[in-house]
Each structure stands twice: as structure tokens, then as C-alpha cells.
Amino acid sequence: MRLRSLVAAAAVSALGISLAACGGSDSGDSSGGSGGDTTLTYWASNQGTSLDNDKQVLTPVLEKFTQETGIKVNLEVIGWNDLQTRIQTAITSGQAPDVVNIGNTWAASLQATDAFLPFDGDAMTAIGGKEKFVPTALATGGKEGTDPTSVPLYGLAYGMYYNKAMFAAAGLQPPKTWEEMVAAAKKLTNPAKNQYGMALAAGSYTENVHFAFINAAQNGAAWFDADGKPTFTGDGNVQGVLRYLDLMQKDKVANPSNAQYDNGTKSVNDFATKKVAMIINQNNADSSIAANGMKSSEYGVVAFPAPQGSADQTASHVAGINLSIFKNTKNKDAALKFVKYMTDATTQSTLGKPFASLPVLKDAKPVFTDNAEEAAIFSDIYNTKSKPLPLVPAEDQYESTVGKAMNSMFAKIATGGTVTAEDVKAALKTAEDQVAASS
Amino acid sequence: MRETKGFKIYRAAVLAVLGLFVLIPLYVMATSSLKPLRDVQGPFTWWPSNLTLTPFVDMWKTVPLGRYFVNSTIVSVVATVFSVAIAILAAFAVSRFRFRGRTVFSTTVLSTQMFPGVLFLLPLFLIFVNINNSTGLQLVGTRIGLIITYLTFSLPFSIWMLAGYFDSIPRELDEAAMVDGCGPMGALGRVVLPAARPGVIAVAIYSFMTAWGEVLFASVMTTEANRTLSVGLRQYSTQTNIYWNQIMAAALIVSVPVVIGFLLAQRHFVAGVTSGAVK
Amino acid sequence: MSVATHEAPAEPAAKPGNTKRGLERRPGLGRWLPYLLLAPAVLLELLIHIIPMLVGIWMSFVKLTKFYIANWSAAPWAGLGNYKVAVDFDNAIGEGLLKSFGVTVAFSLITVALSWVLGMAAAVALQPPFRGRSFVRTLFLVPYALPAYAGILTWNFMLQRDTGIVNHILVDNLGLSTDRPFWLIGSNALISLITVATWKLWTFAFLTLMAGLQSIPRDLYEAASVDGAGNLRQWRNITLPSLRPVNLVLVLVLFLWTFSDFNTPYVLFGTAQPPAGDLITFHIYNASFLTWNFGTGAAMSVLLLIFLMIVTGIYLLVTGRRSRRA
């Protein structure tokens, strides 16, 4: 203890600065005026077609908020490449915005930092009460049994998109089981013509880990036990991961090039430009598909199917974006008002369309698509067939270790290697050790 | 070296191989920036079949490139000016004075070149935040913070290079100036600096390039307000698309000023870089 | 303001070979002047390099995980715990670091060697004047002048499997392979890294060696020619020995640059870096930022620093050259 403070003090006093000041924050506007002069700093994630597009979409919404409450909002849209690092440095330094968007899978990890405001009874009431949210969506807000440190903002879910014309031409029906999906994909695959049934974002560790989760869930397997200890090497986990890898390895319905698809965009592009007949993607693929010139009437969506006879029909994790308030905000009341505003029914339906998101509110109608059937299917998946990713502090490590292990295995398959169940188990064991060693 | 036939063949081979190695990426950059998005997403073609200039127009809208350009320019120019000035003073002291701590200074400064950036990235960030909290001087998310950081990054090499340069200027010249009634600073201004002009130019180019191309610290220390080109260019890969043609167009545009500046002054740079090493 | 008592009078004759004289002997100049001149540089070095590094070393001894980063002055002391995790090669984290270290060693050695060979080849080829020489020299310098990320992004585009020019040349134009190889994943990733890093670095070697060649007196070559020495022998007997001091510095600088290269893997691979391209600084960056384990990350950085210092020290000792001003 002594030595530590001594070293720290020596290092820092050389500059005449104080470590103790670390917790102090500067939330954009330190003048901290009362009432009309309050300015909130808000970091939004990239949901639209570009950072600029996000700004255009959000600006009128924020202006309306300012008109209603007199609270100004200073908006910064941050790309996904930077968001996690920016949040980390904000936490570390205390130099944070008031309100921030987070990927909801990070919620429990971020909660562990103790840098965010828990939505306890009062705070929850201030933003309109927990009853207004879809329960599974709200469950992603933090560790089970605690006051969440984030609330859902945009809901997303995985669905299996298929090209109607290609299915009709091959005389296929939309698949209801994993086996039907693979059979359909095989029928639509012709490597000689460089034509494949499916496209996978097999080089994206975040996408990969989602599928590790969903496929394992269909096998009834979990990734952490009740104590938050990793259980990556269970049979259900290994088989789930292998099943997904086999789409490229054994079934050969995905182009090996997919191993290089380091974000979902690339597989969506393949689908929209009709290079492949199926993708499994979150519903915000809609805006990318439209941007690439495919109409919403040209594709259908079904739930990502589980193997025949599977007891668990999980088709997605509860995906989406949550909203958090930094604990050290000087404008707590204003921030709560803002969260309330962003999660009220009007704002939700205004933003649902441009950001292609599902409403996180009970009884709200999805507006992200003009295709009623698609809307109904995604709502059903989101509300009844989704499970949150593990709500443990080590979730971020789970994402990076398991996701990257899958990247490597896909790379091995794509470059001509073979990945057996043993290999999967060994890779997951390494990932498990990594998580265990650093927690 | 005599220009034997063998040598000529050797030269032709080297020039051909290395010429291609250097040129192909530049060619890809230039031609891809003239293709429509559809074409850069498909298989590569040597010649753009649908020539278009729209990437050069669109790139300013997809990403606020103009603002990043202004940021990079201000940060790099100011960092360069200060870095050169500070390096000149320090190099002059090292070259012309004997004083206690001279060796320690030189060794320490030079050894900072070995520090891995990841080691002091987070600490530097924290120190900046603490300075901000205790003095109100905003260093994170501003250009000033970046300027201070970048100018220091180029200091060690600059001091080393300039001191080598100064050493090669005969001290008799200083003394002559001193006899004429100049102080040491007068000698620096009137004799040493003019004679070391190539070295100074070299250091200036080096500092500018360091600041213009830095990625690691920019990725953590910049916010939307002070973002520089090095991290801004990544934003062309968005949620919906990767605008390769615009990336190439933007890469071309951000390279042009640096490349031209460097090539104009390359003679000095060559002389400057080697002054320390050749001795 | 007389001569300082504790400071050795700077008598030029006191040390053989010392040519320094003049300024510092002038009475009344104030022995503070050099310190004044150094002050700005010292302050900045302290602020940006030295103190952050000390803080970094401190961080390597504390348990700075996500549970403490919001209030990191309260992080518990870890002693050597972070170092133990980093060098326990039976454990997943230590094993990862060791592999990354191996990749980095291979990467730096090959990149430095290639850069030096290409730089030397070009410098020698451009030694005698010919028409268009200055144009070629200018052209060769472009990769060095290009901002790193611009060049690397271009390479990323070129190395795409289906849409990149590299496979277009190898497979479609030359027909060297029927399969389209991957360049950014799998084991080829290391080749790609080396190629991209070399593309950028060899021109620096070229620049330096070219300038070194200019300082070799021409009559040396003429005398050798009269003795009947061929070009190869002239290169071996005259060029190489004359360039020795340049080479010593050049190789060290290239090594330090490549070994802690962050830009190349970061821009080339993004978040999807393959194990074969897992360079150590990038590995540490991920260990710190991806898993929020800044203490272990700092310990790894310190180990890297120690390694670089040892290598540099040995190198300087073996080559017997110490920086004149150091």
C-alpha cells in the first residue's frame, strides 16, 4: 500500500498534479448552470449508413428534446471501431460524457467498472418505470439480481434472410430446421460457378461469438456457470461451435472467402447483390440491403432454425444497443430526462425506421420495415426466442477469446485445414484458460 | 563502379523489380479511386471501365474529411515548428557546451526511442486528464494535447540528428562570430543555423511526417472535435458499406501534400539523416 | 560567475581527440545557458516520455482490471503477479505472449534483412549517374513519404482474396495457382505483414545507404579498378567496409522500428488479426484494451522494453560503437 502510493505520488507530483483528482469529471459543460443552461454530452453509436447519417437522423430528435426541456445536447457519433476504447478511456479518466450508447452485450462488463449510474428504484421511475420495457430487453441491462446500469434503446435480433426468387427457382420452402436450412443451402450452392447458399461473417469475432452462443444454446449449453466461472468446453458448446463451422467445412455452403469477412456488412452485401441466397443477420441488415438496391419484397425472413428435435429453439441473442449514464455526471436529472425521452414511444418510433431497430417497449409496433410479415417475425424472435448473452463481468473476454478462436478455426478451414471436435475443444479450452487467468 | 554490361543488366533488373514493387500500390490507389463502388467490390480490373470522379466528391460527405484535414494540418504544422525550435536549442547545447548531465541527457533522450508506445499510452492519457483537472488546461480531445505529444515524439531523433549536424560545422566559425561581438546565441543564429540548414529542413520533414502519420495515440486521444486523418480514414468502413473507392481517393488526397513536400526537400533530408550516422 | 568549482574546467587539451572548445569557456556566459537551452526539451521529455513510462511501470505492479479502472488509484498491489501471468508459458496468456514474441522476432529479422538488401541493391544500382537517375530516386522515396496508414490501407485492399490485385496477378494473369490464396488470414498473414512493412521500410534503408555511398571518395574505386578489381570485389572491399558505420546505425534503427511496429498490423488486420500476424505491440494493445487487463498489459510492455534494451545493449557492445555524444 505504502509503496504504491509513494511511487504514484512521486511520479505525479513531479508535475504538480494530483492523482486524487482522478475521479473528478468534466462533463462537457462544467459551468453546471441550473435549468435552462444545462448541456448534456451524448455519445451515440453508429447505427445508420455513416456517422454523418446518424447525426442527421438524431439532430432533429435532439432539438425536439431541447425545445421540450430547455436542456441542450452535445452529440458525438462514434464508430464501432472506436467506441469501446473511448468508453474505456472515459471510465479510466473520469472524463466522460453524461450519456452513452453501449453494445448491450457489454452491459455486465461495464457494470463491473462501477462507473455507471445504477437505475435503482428512483432512477427507474424517473425514466418511466421498468414496466415499459420488454422484459428480456431490460434483462440485458446488467447482472441478474442487480439494478441495471443500462436500459435498452434499440432492439435487434438475428433472423435468417432468404432470397425469395432463388428459393422459388429451386423449388424450396423457407427452412424450419437446421437440417432443412443446410439442405436448401446445398441445393443453392455451386462452387464451380462461385455460387454459394449462404454468406457468413466468419472473420468477425463479434459475429462468430454470437453464433457460438446461439448454437450452444440450442444444444442447451451455457458458457458460464452460476458463479460466473467459464464452462466453455462442455459437449453442447463444442458441438454447437462445430455445427456452425461445418457450414463452411463439411456442408461447404459458404464461400471460404467468408473467413475474411471481418464484419457483417460484407455478408449482407453478398446477399443484397444476390451472390448468395441466405444470410443470418440482425434486422438492421435491412438498411444495408436497401442501400444496396434490394427491395424488402424480394426477401423473406424466418427464425434461425435449431436442429430437428432440439428442445431449445433459441434463434438469437437479445441484441441491441443500451443507454447508460455515467455516474459522475453533474447533470443527473437532465440525463435521466434524456434517457426517458430517448426510450419513450414517440422517439422509439421516430428512430426505429432509420436505424432499422426493434422497439424495446412493450406493446410498441415495429416500424423498421414496411414488410408486415418480416416485422412480425422479428418481433416474435426478439420477444420469445432470444436469450441474453452471459450477464457476467467477464462477458467481454468471452466475446474476444471465443470469437477470435472461431476466427482462427474458420481461417484454418478456409485455407484447407480440418477442424475436428477435438480441435474445437482445445481452442475453447485455451479461451477458457484465458478468461479464468484474467478474472 | 564501372558501368560494365553486367552492371547494366543488374541495374535494369533492380529498377524493374523495385519499380513495380513501389508503383503497383500507387497505381491501385489511383485507379481504384476512379472506379464506382460496384466495381471496387467486384474482381480487380487493371483499368477502370467506368471512370468516375464521384469518389472524390462523395468522400467529403461520407466522413467529415475536411475537418480532419484541418486538424491534421494544424497539429502537424504547429508540432513541427515547436519541435524544430526546441530540438535546435537542445542540439546546440549538446554540441557546443560541456556541462554536467550532458551524457545522461543524450543517452536518456535517445533511449526513449525504445519505449513501446503501448506502455505509456494509457499513463500519458491519465496524466493529461490530471493536468486538466488540476489546471483546467484541456489536453485530451484538443489539438494542444496532440501537438505536445507529437512534437515530443520527434524530439529525440531530431536532437540527435541536429547535434550531429552541428558537430560537423567547424567551431572556428562560432569563434569568429564571437570575436565579432556575438553571444553564443548570436553564433547559433548567424553561423550555425545557416550552415545547418539542410539538417534543419530534414528535421522539419521528419517531425511533420511523424505527426501526420501517427495512429496509436490518435486512436485514443482524439475525439470527434480534434480527430486527425490517420484515424478518420477508418470511418469509410461503416455499418452498411466499405467505401473502398472513397478510401483510396482519400488516401491519395492525404498523401499528396506530404509526398510533394518530402520530394521537394528530399535532398536535404538525405543529407540530414546521414549526418549523424556517417561521421 | 567564475569557473565552477565542482565542474571540471573544460580544457580542450585535457582529453585527446576532444575538439570542443570555445563557447563554454567564455567567462561570464553563465553555466546555466546550456541548461536553459535544454529546458524545453527536458520538460517535454519528462511529461510525454519519462513520467508516463514510470507510471506505466507502476501500473505493471497493480491489479488494474475493469473492476478498478474507474478508480485506479485504489487498485490493489499485485506485486509480481502480472509478470508471473505474462511469463507463465504453461498458461494461456503466457503462451499467447510467447507465440506473439516468436512471430515478432521472425517478422523483424526478415523485414530488416529484406529492407536492407533491397535498399542496398537500389543504392548500388543508382550509384553511377545515368539518365533519369533523380527521377528513379524520387520515385523510390514515395513509399516512405506516404503516410503509413494510407499505404497500409491500400495494401489491405490489394490483399483481399476475391477482389485484390495480388490474387488477380498471381491467379488470373500469371496462373501460378488455381486456388485463390488468402493473404490476410491463416499463415500467409505473416508474409503479408513482412511485405507491407518492407514496402515502407526499404526506402528508408535506400535513402540512408545512398547518402552513405556519396561520402565514399571516388578515387578509392578508381584505384581498385586500376588493380583490376571487378564490381563485385569493389563492392565487397570498398563499399561494404566504408558503409560499416552507416550500417550499424541503420540496422539498429530498423530493428527497433519493426520490433515495435504497431501501425502495420493495426491498420492491415483491424479487429480480425490472425495468430500468424500477431505482432507483440498489437498483442499487448489487445491484452490491455480488449480484455481490460491494463496491469498485465503494462507488465508485458515492460518486458518488451527490457528485451529491447538488452538487445540494443548487446548490439552496441558487440559492434563496439558507442554513440559519440552518448
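Order of writing sets the chain letters: A, B and C. Residues in each chain are counted from 1.
FYI, a contact is a pair of C-beta atoms (placed from the backbone, for glycine too) under 8 Å apart; a residue touches a chain by one contact, two chains touch by 3 or more.
Here is each chain with its UniProt name: A = Multiple sugar transport system substrate-binding protein; B, C = Multiple sugar transport system permease protein.
Please read all numbers here as calculations on a predicted model, not as lab measurements.
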Just grab the chain with the largest centre-to-centre distance to subunit B, centres being mean Cα coordinates.
A
Looking only at C-beta pairs in contact, point me to the busier pair out of A-B and A-C.
A-C
Centre-of-Cα separation between subunit C and subunit B, whole angstrom:
15
Interchain centroid distance [CA atoms averaged], subunit A/subunit B, Å
38
What is the distance in Å between the mean C-alpha positions of subunit A and subunit C?
38
Provide the list of subunit C residues touching at least two other chains, using ranges where the numbers run on.
47, 51, 55, 72, 162, 294
Which subunit A residues sit where two or more other chains touch them?
12, 15, 19, 22, 81, 85, 92, 94
Residue numbers of subunit B (touch at least two other chains):
41, 122, 126-127
Touching subunit B in the complex, subunit C uses residues 7, 10, 19-24, 26, 29, 31, 33-35, 37-38, 40-42, 44-45, 47-53, 55-56, 59, 72, 118, 121-122, 124-128, 130, 136-151, 153-155, 157-158, 162-165, 167-168, 172, 199, 202-203, 207-208, 210-212, 215, 221, 225, 230-231, 234-235, 245-246, 249-250, 256, 260, 262-263, 266-267, 281, 284-285, 288, 294, 297-298, 301-302, 304-305, 308-309, 312, 323-326
Touching residues (chain side subunit B, partner subunit C) in the complex:
1-4, 6-7, 10-11, 14-15, 18-19, 21-26, 28-29, 32, 40-44, 46, 86-87, 89-90, 92-103, 105-120, 122-124, 126-127, 148-149, 151-153, 155-156, 159-160, 163-164, 167, 171, 174-175, 178, 183-184, 187, 209, 212-213, 215-216, 229-230, 233, 244, 247-248, 251-252, 254-255, 258-259, 262-263, 266, 269-271, 273-274, 276-279
In the complex, go through subunit A and note every residue touching subunit B.
12, 15-19, 21-22, 24, 26, 46-52, 76-82, 85-86, 89, 92-95, 263, 265-266, 268-269, 273, 284, 287-288, 291-292
Subunit A residues within the subunit C interface of the complex:
1, 3-5, 7-8, 11-12, 14-15, 19-20, 22-23, 81, 84-85, 88, 91-92, 94, 109, 112-115, 203-206, 256-257, 259-260, 262, 393, 396-397, 400-401, 407-408, 410-412, 414-415, 430-431, 433-434, 437-439
Residues of subunit B that touch subunit A when the two form their complex:
41, 61-64, 122, 125-127, 129-135, 138, 140-141, 219-220, 223-224, 231, 234-235, 237-242
